[in-house]
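This is the structure I have questions about; it appears just below.
Chain naming follows the written order as A, B and C, and within any one chain the residues start at number 1.
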Amino acid sequence: MHRGLRFYFCIYRKILAQDLKSKMSYRADFIISTIGMICTNISGFLSFWILFQNFPSVGGWSYYEMLFLYGFSLVAMTPVQCLLDNNWSLRYQVFSGDFVKYCFRPMNLFFYYQSEVFDVKGLGQMVFGIGTLIYAWVHLELACTAWMVLKLVVYLVSASLVMAALQNAAAASCFWIENSFYLLDLVMRFKDYAKYPMTIFNPVFRFVFTFVLPIAFIAYYPSLVILRPEAVPLLSWLSPLIAILLFYLSYKIWMKGAAGYSGTGS
Amino acid sequence: MKWKKYLSLTRAGILEALQYRLGLFVMVIGNLIYLIIVYFLWRAIYASAGTDVVNGMTFSDTLIYLVLATALFAFMEMYIVWEMGRSIQTGAITLTLLKPMSYRSYSFWNCAGGVIVQFFCTFLPTFLVVLLVTKGAIPLGINLLYFAVSVILSVSINFSIDLFVGTICMYTESIWGINIMKQVVVLLLSGATIPLAFFPEPLKTIAYCLPFQSIYNAPLSLLLTANPQPSVIAETLGMQLVWSIVTMGFSRLFWQVSLRRITVNGG
Amino acid sequence: MSYIIEIKHITKEFKVLNRHEGLKGSLKDLFSRDYRIVRAVDDISMNIAQGEIVGYLGPNGAGKSTTIKMMTGILQPSSGEIVVNGQIPYKNRTRNAKEIGVVFGQRSQLWWSLPLVESFKLLRDIYEVPEAEYRAMLDLYRSLVDIESLLHKPVRQMSLGQRTLSDILAAFLHNPKIVFLDEPTIGLDVSMKAKIRTLIHALNREKQTTVILTTHDMGDVDALCRRIVIIDKGKMLYDNDIEHLKRFFGSYRTLKIRMDGDLQQSAEAIAQQMPEFRVSADTDWISVLVDEEQASVMAVLARLQERYRIRDMQLEEISTEAVIKKIYEEGTQ
């Protein structure tokens, strides 16, 4: 099943157009979801602001550095929100047996399944995240060189991959466990904690959040490369590789689940 | 005998909640991890502050407050908005409407079952752990009684708000959007993410004027005060009672008006 | 005679948004206020007596479920009068609810994750069924179907057939005066269909429950209904005995014969010989649609035998399905 990237790109565009069309037909839904997304972001921002009204810094991290982490995690989450949102319905599809319809297509199953939904409201989050990032960037007086931007993009992508890997693996659990919603929900709750610097934790939990539940790779390790260039730990430099590895693993898990799937039928 | 049908619904809710053992398990783990994160985060925050007391709250006060707020949230969140939204969209709501009792009491008593299970599985263990870990930071006395009364009022306010928000789903397909907005507004303005004591002035005033602070802030402040002034107790509980009545009235009215819309215009 | 359901000239209109095509069109719809009025039910009247089983038929979108929703009180008619059980359903929905039972196709009213018996107990309490009556009902169920194997099974583990069966039992549990069954046999295999029909029939006979049945399965109609009501595009097309309907069209029978030679030519010759009947031919058979009010099939056959050497013959009754199809297509006139 090796076809050109061009083929997949073309298919993706077509499926995407269909999805957007059907989204538009739910008039208010579209607008309300977007507002809901903005509300979430504003509230996250407000929490930070309120916190720093009372305290000058958190564990040696200043307001703007924390904002940078926050903005970074928001942008990093956007691709997952936009492109892999169909993972949320995987559980229903598998449970009801509807999933079988994806198994008959002559193309990559994972690609086809995920291409079906594009979540537009994720773009709002991205705009908000980029805004926050730039705001923090300016106040931190970071240099704006091509080298910095390149680093930022590479590390954003790797952060996204980690996020995607976590979500894929959690969603794929529904192939084996009946009520996997809770797992997916749990993983998604973790993403909110990704914005905190790991230095606040004691060594045990730093280890846990690095190697067991790798949320530290969503914002903390990648940001270090930009925020604290004088003392970048090895894990930060390795994070793109780790991200690719994790994503690949989650993809394999997902595909293995799908391959073992037999429609429940009734 | 009139109560039998309601208690029966609650019993079914309990049985149903117990079916999802994995869910309960994951929920407990999730809460645990959340507690750890909250603990370290605020420890770091207080360490940076340099003083022990900020806005009248010590580190252990804040910790207890936030941990119990999360536990309260976990035990009151019954996904009513989701449930309502989905049944309105699929039309399954007609089956509930055809039961010989009002939709409001039907869903309340059915949810009550889940609330009871959650109370024993999340709130009580968390409460006990906090009690042991903080060694006496929670005063044990008459305040527990006020707290219990206050929590019951919280459940009622929370339910009314959920029902109100769920009713909006009759007008729009956007369950997700509606639900997330509600959650964000409630969590922030009720003081569940950051204690209201930390809010800067204008925001604090606004938060106190809204019903949301009655859900988490009111019971927790009653719990954490050892010998509260009778006037403070009366004011807090009175405020909750007023909000409970007001939100109940509004949600009931809105539901009835909207139901007419269903019966006139179809689901 | 008093009726349990009385419907006088009810009409139901809905406001529907006009949708546009394509991506641009859907963008436009986001802001459009372009509505039109659709009349889903148009001036329908009928009376239904206690204990009747009425087949309520019509193509998809004919207005069947809208009518049923009005009878149950979920919808309020735009105009006209409707009285169920002496009450106006939409005004007394919760009181009306006690006297009706509902099975909506594939939508289950059972508690998904609980064993069936828990759902039964819950329904018993919700409808406030006295313990003795509840037990009697379960005994009746036991005598009709094998429910022991189902009672302790969680609903989510049941097959579709078992679930439908359970749903029907649940709808009858509080001994309602009327039960609405919306497509009860949809998606089931032949033996399960038969089982469910027998069950509905037995419950109707035992408890004198009025049953309103919507279905697309003519097997259900033939097995259960004495009376049928047909609507299409919101309008009533037919309301009478099923026998009457069959007689109405049933005087027609199709005689099919096979013979040597070119069938097309022979068919034309026969058509000339008997201009009063419709004659057609396919590759195997010549079909003659005989109106028995004009001549008996035997007489026609005798006349044909005088001229042709008939090698084989068949006689076809018009099926209910064909009759209803005819009504959908051309109305009763």
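Worth pointing out:
Following the convention adopted for this analysis, a residue touches a chain if its C-beta (ideal position, glycine included) is under 8 Å from a C-beta of that chain, and two chains touch if they have at least 3 such contacts.
Please read all numbers here as calculations on a predicted model, not as lab measurements.
Contact tally for B-C versus A-B: the pair with more C-beta pairs in contact is A-B. Set against the Cα centre of chain B, the chain with the most distant centre is C.
Central chain by Cα centroid: B, whose mean Cα position is closest to the mean of all protein Cα atoms. Centre-to-centre, using mean CA coordinates, chain A is 51 Å away from chain C. Chain B and chain C have centres, each the mean of its CA atoms, that are 47 Å apart. Look at where the CA atoms of chain A average out and do the same for chain B: the two points lie 28 Å apart.
Counting partner chains per residue, chain A shows two or more touched chains at residues 30.
Shared interface positions of chain B, i.e. residues touching 2 or more other chains, are given as 20.
Along chain C, no residue makes contact with two or more other chains.
Looking at the complex, you find that chain B touches chain C at residues 1, 4-5, 7-9, 11-12, 15-16, 19-20, 90-92, 94-95, 97-102, 260, 262-267. Considering their complex, residues 26, 28-30, 32-37, 39-40, 43, 46-47, 50-51, 53-60, 121, 177-179, 181-183, 185-186, 189-190, 193, 196, 199-202, 205, 213 of chain A touch chain B. Here chain B touches chain A in the complex through residues 20, 22-23, 26-27, 29-30, 33-34, 36-37, 40-41, 43-45, 47-49, 54-55, 171-174, 176-181, 184-185, 187-188, 193-194, 198-200, 203, going by the rule given at the top. Listing the residues of chain C that touch chain B in their complex gives 14-15, 66, 69, 72-76, 90, 93-95, 97-98, 100, 102, 104, 107, 109, 111, 113-114, 118, 121-122, 125-128, 154.
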